[in-house]
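Two complexes come next, and they have one chain in common, subunit A, joined by subunit B in the first and subunit C in the second.
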Partner chain A sequence: MKKYLQVLKITFQQELAYRVNFIMWRVRNVMQIFLIFFLWDSVYSDHTRQLFGYDRTKILTYVFGILVIKAIVFSSRSIELSRIISDGTLSLYLLKPINFFKYWFSADVASKLLNMGFSIFETIFLFLILKPDIFFQSNPVYLLLFIVSLIIAVLLFFVLIFLINIFSFWAPETGWALPFLFVVIIGDFLSGSVFPLDIFSKSAQNIFYSLPFPYLVFFPLQVYLGKLAISTVLNGIVISLGWLIVLWFLVKVFWEKGLKKFCSEGI
Partner chain B sequence: MKKNLKKYFNVWWISSKNSFMSVLNNRLGSSFFLVGKLLRFFIYLFFINILVKGTNTLAGYNLDQTIFFYLTFNLIDIVSQFLFRGVYKFRSKIIDGSFDLVLSKPIDSLFVSLFDSADLLDLITIPPLIIFLFIVGSKLNPGILTVILFIFLVFNSLIISAAFYIIVLSLGIVTLEVDHTVMIYRDLSNLGKFPIDIYKEPLKGFLTFIIPIGTMMTVPAKSLMNLVSPWGVLLSFLLGGIFLLISISFWKYALTKYSSASS
Partner chain C sequence: MDRAIVVDHLIKNFEANVKKQGLTGSFSSLLKPEKKIIRALKNISFSVQPGELIGFIGPNGAGKTTTLKVLSGLLYPTSGFIQVLNYDPWERRPEFLKRISLVMGQKRQLWWDLPAIESFELYKEIYEMSQHDYGKNLEELVELLEVRKILNIQVRRLSLGQRMRLELIAALLHKPEILFLDEPTIGLDVVAQQKIRDFIYDYNRKYNSTILLTSHNMDDVINLARRVIVIDDGKIIFDGVLDELVSQFAKEKIIKVSLSSEDNISHIEKIGKVRKISYPLVTLSVPRQTVAVAAAELLQSFPVDDLTIEETPIEEVIRTLFKGSMKYKK
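And then the complex of A and B:
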C-alpha cells in the first residue's frame, strides 16, 4: 500500500511540475462548459419552458455537473499506456516490483483528486459569474446512490481506457488514434458529456443504457437530479457493475495475450 | 515575385506530400482519426436537428439557418486546420532547437512554421462539406452577390484564423507552451459552432470584437442570410486586417526572444 501512496505523491508532483500545462488544461474544460451552458441558456431563455424532460434549473445543473463529474471520471494518467506500449517503455514498468494495474490506478487517483479540487473551484467561480439556477439534491438516498454510481463510473472508465490502450500491443502504429476515438468521440457523446442522452427517442435510450458509456456521466447525473425511480437506479447500478466485471475480465485476458506479443520495440 | 511564389508553393507542396505519405503509411491510425472526425460532425448535426426541432428556433434562427452556421463553422475550422497544421508540430522545434534550421534557410520562417505538413485527413473532408454547404445554403435563397460576399468573408475568416495561429506560434517562442494554447484557441473557436447570438453581453461583444470568433465564424453565415449591414461587413474585413497585423508584429517581437536553447 505504501508504495502506491508514493506513486500517488509522485504523480501529484509531476502534474504540478508542469503548472502552465495543467492550468491550461483546466481553462480548456471551463471553455467547453461555456459553449454548453450558453447553448442551453439560450434554449431555456423562456424560464417556464419544459423540454426533453428538463426544466431550466435541471438542465443548467446538468451542465455544471458535467464539469465536476468529467474532472473526476475522465481525469486519467493511464491514457498514456498506449504510448508506453508503442515505444517499448513498458519494459521499465514490468521490471519494477509493483502491480501494474495498481500503479496506474494510483496515478489516476492522484490526477482525479487534483482535477476534482480545481473543478470545485471552477464551479464556484462559474456559479458566481453566471449565476445559474441550480438544483441541490437533498434526498440522502439519492445522494448515496449518486456516490455509488460515481465510484462505479471511475472504475468503469479505468477498465475501458485500459482495454482501449491494450490494442497498441497489436497495432503500435496507431499511437493515440484509438484512445482519441474513444475519449473524444465515444466517451464525450455517448457518456452524455455534451448533451443529455434523454433527448433521443426511448428506443435509442434503451440501446444506450445497455452499453457501458452512459454510466460514466449521464447516469450519475440522472441519479443526482432524481430523475429516475429508485428501482431504475438500482437496475442501472447492476448493469454498470455487470459491465465492470465483463470489461475487467477482458482487460485481464487481453493483457496476458498482449504481454506475450510484446517485444519491447523502440527501447 | 512570380519566381518567389513558385518557390514557396514548391516548399509547401513537398512538405504536404511528405505529410500525406506519412498519413497513408499509417492507414489504421488515420482511419480511426477520420472516423472520429466524421462521427463528431454527424453527432453534432443530429443533435442540432433534434434540438431545433424541439424548440422551433435557436436564438431566433430556424433549423436550416442553424445548420448553415454549423457547416460554415466546420468549413472555416477544417480549412484552417488543413492549411496551418505546422503549428501543431512547432513546440518540438522550439524545445529541441531544430527551429534554428528553419531560421537559417532562405525562406520565411513564419511561412514554414505555419504551413508545414498540411493534413490529408482534413483535405478529404473539405469537398463533401462544400457540397453539403451548397445544398443547405441554397435553401436560404441567397442572391449571387450575397454568395460572392460570403466567399470573401470566409477568406477573411481564414485570415483571422491565421492570425490566431501566428499568435499561438509567437507565444510558443516566448513561453515554450504551444500544445494547450492551440487547443484553447480550438475551444474558443468552438464557441462559434452555434450563432454567436446565443451568448449574452459582455461575452458576445468580447467574442465579436476583442477575440473575433464571432466575426470569424458567424458573420459569413449571417451575410448569406442578409443579416449583416454594409458597415458590419466593412468592420469584419477591418478586424481581419488589424488582427493579422497585430499577430505579425507579435511574431517579429517573439523572434527577438528566441534563445535557441538546447540546440
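And then the complex of A and C:
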C-alpha cells in the first residue's frame, strides 16, 4: 500500500512541475462553464420557465456540477499509457515489483485530488461572481446514491481509458490521438458534459442509457438533482456496474494479449 | 556454489510484419499482412557464476539485447531452458524482480521533470526497503558516482552523463544480485564513459554482484570484462577470456622493428605483410606459425636496432572477426 501512496505523491509533484500547463487546463474548464452558464442563463431569462424537466435552479446546478464532476472523473494520468507502450518504456515498468493497474490508478487518484481541489475553489469563485441559484440536495438517500454513482463513474473512466490505450500494442503509431479523440467526443458529448442528455428524444436517451458513457457525468448529476426515481437510479447503477465488469474483463484479456505481443516482439 | 544464470539451448524467434516497398506495398501489407520469422537467437547456451562480470559483444542486431531481455523476463523464449537465480525469469515474480535490475542506455526510468531524489524515494517504496538500508545504499552510491550536487536538480536539466550516473543509482538502490546493462555508455563522451566504466568495475568488485553488459563500444568490454561472449547472427562464436579470443582468432602476430638505415627497406615486404612504414619504425604482420623464422630472417638481413613481437590488438581481432562473418553472410 505504501508504494502506491508514494506513486500518488510523486504524481502530485509531477503535475505541479507543469504549473502553467495545469493552470491553463483549469482556465479552459472555467471558460467552458462560463459559456454554458450564459447560454442557459439567457434561455432561462424567464425565471419560471421549465424546459426538459429543468427549472432555472437545476440547470445552473447542472452546469456547476459538470465542473466538479469532470474534474473528478476525467482527470487522469493513464492517458500517458499509450506513449509508454509505443516507445517501449513499458519494459521498465514490467521489471518493477509493482501491480501495473494499481500503479496507474494511484497516479490517477493523485491527478483527481489535485483537480478536485482546484475545481472546488473555482466553483466558489464562480459562485461569488455569478451568484446563481444552486440546488442543494438534502435527501440523504440521493446523496448516498450520488456518491455510489460517482465512484462507479471514476472506475468506469479508468477502465475505458485503459482499454483505449491498450490498442497502442497493435497500433503504436496512433499515440495519443485515439485517447484524445475519445476524451473530446465521448468526454464532452456523450457523457453529457456539454448539455444534459435529456434534451434528446426518449428513444435516443434509451440508447444512451444502455451505453457506458452517460454514467460518467450525466447520470451522477441526475442522481444529485433528484430527477430520477429511486428505482431508475438503482437500475442505472446496475447497468453501469455491468459495464464496469464487462470492460474490466476486456481490459484484462487485451492487456494479457498485448503484453504477450509486446514481449514476443520486444518493441 | 549455485550458478547465477543458466541458459541452455535458447532459441528466440520474432514474428515481424514485412512491408513491401512503396505505397502499394503499404496497402497490400495492410490488407494481407505478410509474416516473416526472424531468428534472433539460434540455440545459445552458457552459464554464469555469481560475481562474474561478462561482456557481450557483437554487431548491431546480433542478439545481445535480446539475450538480456530474455534473461530479465521481458521476452519469453521460443524454446530452451533458462534459469536466473533459480527463477524462471518469464514469470516475473516480485521476489525475482527485487533481486535483479536492467539498465537500458536508451530508456530512462527517472522522472524527467523532478529531481532524481524523488524517483529514488519512489523506488525505496516500490522495492519495500527499510529507511536504514535505503539511506545506506543511497549514501554509498552517491559517494561512488559523485552525484551529491545534482540530486536535487530536475533531471531534464542535467547532462546525459550526469543522468546516466543517476539512472545507475536508481537501478542499484535495491542492491540487485544481478545487473543487466544494455549499452550503458551509449551517447556519452569519453570522460563520462570512463566514469561509468570505473564505477561498474568497482561495483562488481565491492559487492560481488553479477554483471552482464552489452556494448557496441569495444572499450567497455575490453576494459571491464574478464570474460567475453562474442555473439553474431544469433550464435555464440566465442565464450571465454579475452586473451584466448586473441590466440584463437588472430591468425597473425605483429613484429615491430626499428632500423638503423634505409638500405634494402623495399625488400622487407618479402618477410611479411607491411602494415606501416614510418622510418625508422616498420610494422609487419606475420602468420603465427612462422613468426620465429621471420624474426630471425629480419635480424639477419636488415640493420635492426630493436625488435618486438606482439599480439594483434584485440579491437582489430574483433573487427576482423565481424567483418569476416559479414562477408560470410552475404
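Note that the second predicted complex is superposed on the first by the 262 of 267 C-alpha atoms of A that agree within 3 Å, B and C clash if a C-alpha of one lies under 4 Å from a C-alpha of the other, contacts with A are read in each partner's own complex, and residues count from 1 in each chain.
Throughout what follows, a contact is a pair of C-beta atoms (placed from the backbone, for glycine too) under 8 Å apart; a residue touches a chain by one contact, two chains touch by 3 or more.
What you see is a predicted model; the values in this text were computed from it and never measured.
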May I ask you to decide whether A:237 touches subunit B, subunit C, both, or neither, giving the answer as first, second, both or neither? neither
Going by the contact rule set out at the top, does A:143 touch subunit B (first), subunit C (second), both, or neither? neither
Touching A:155, do we find subunit B (first), subunit C (second), both, or neither? neither
Contacts of A:134 with subunit B and subunit C, given as first, second, both or neither: neither
When the two structures are overlaid on chain A, which partner does A:91 contact: first (subunit B), second (subunit C), both, or neither? second
Applying the touch criterion given at the start, work out whether A:13 contacts subunit B, subunit C, both or neither, answering first, second, both or neither. second
Of the two partners subunit B and subunit C, indicate the one touching more residues belonging to subunit A. B
Between subunit B (first) and subunit C (second), which does A:263 come into contact with in this model arrangement: first, second, both, or neither? second
Looking at A:3 after the superposition, I want to know if it touches subunit B, subunit C, both of them or none. Which is it: first, second, both, neither? second
Using the superposition described at the top, list the residues of subunit A that contact subunit B and also contact subunit C. none
So in the complex, the part of subunit B that touches subunit A is made up of which residues? 26, 28-30, 32-33, 35-36, 39-40, 43-44, 47, 50-51, 54-55, 58-59, 175, 177, 179-181, 183-184, 187-188, 190-191, 193-194, 197-200, 203
For subunit C, which residues count as touching subunit A in their complex? 14-16, 65-66, 69, 72-76, 92, 94, 97-98, 100-102, 104, 107-109, 111, 113-114, 118-119, 121-122, 124-128, 154
Note which residues of subunit A are touching subunit C in the complex, please. 2-3, 5-7, 10, 13-14, 17-18, 88-89, 91-92, 94-98, 260, 263-266
Which stretch or stretches of subunit A touch subunit B in the complex? 20-21, 24-25, 27-28, 31-32, 34-35, 38-39, 41-43, 51-52, 171, 173-175, 177-178, 180-181, 184-186, 189, 194-195, 199-200
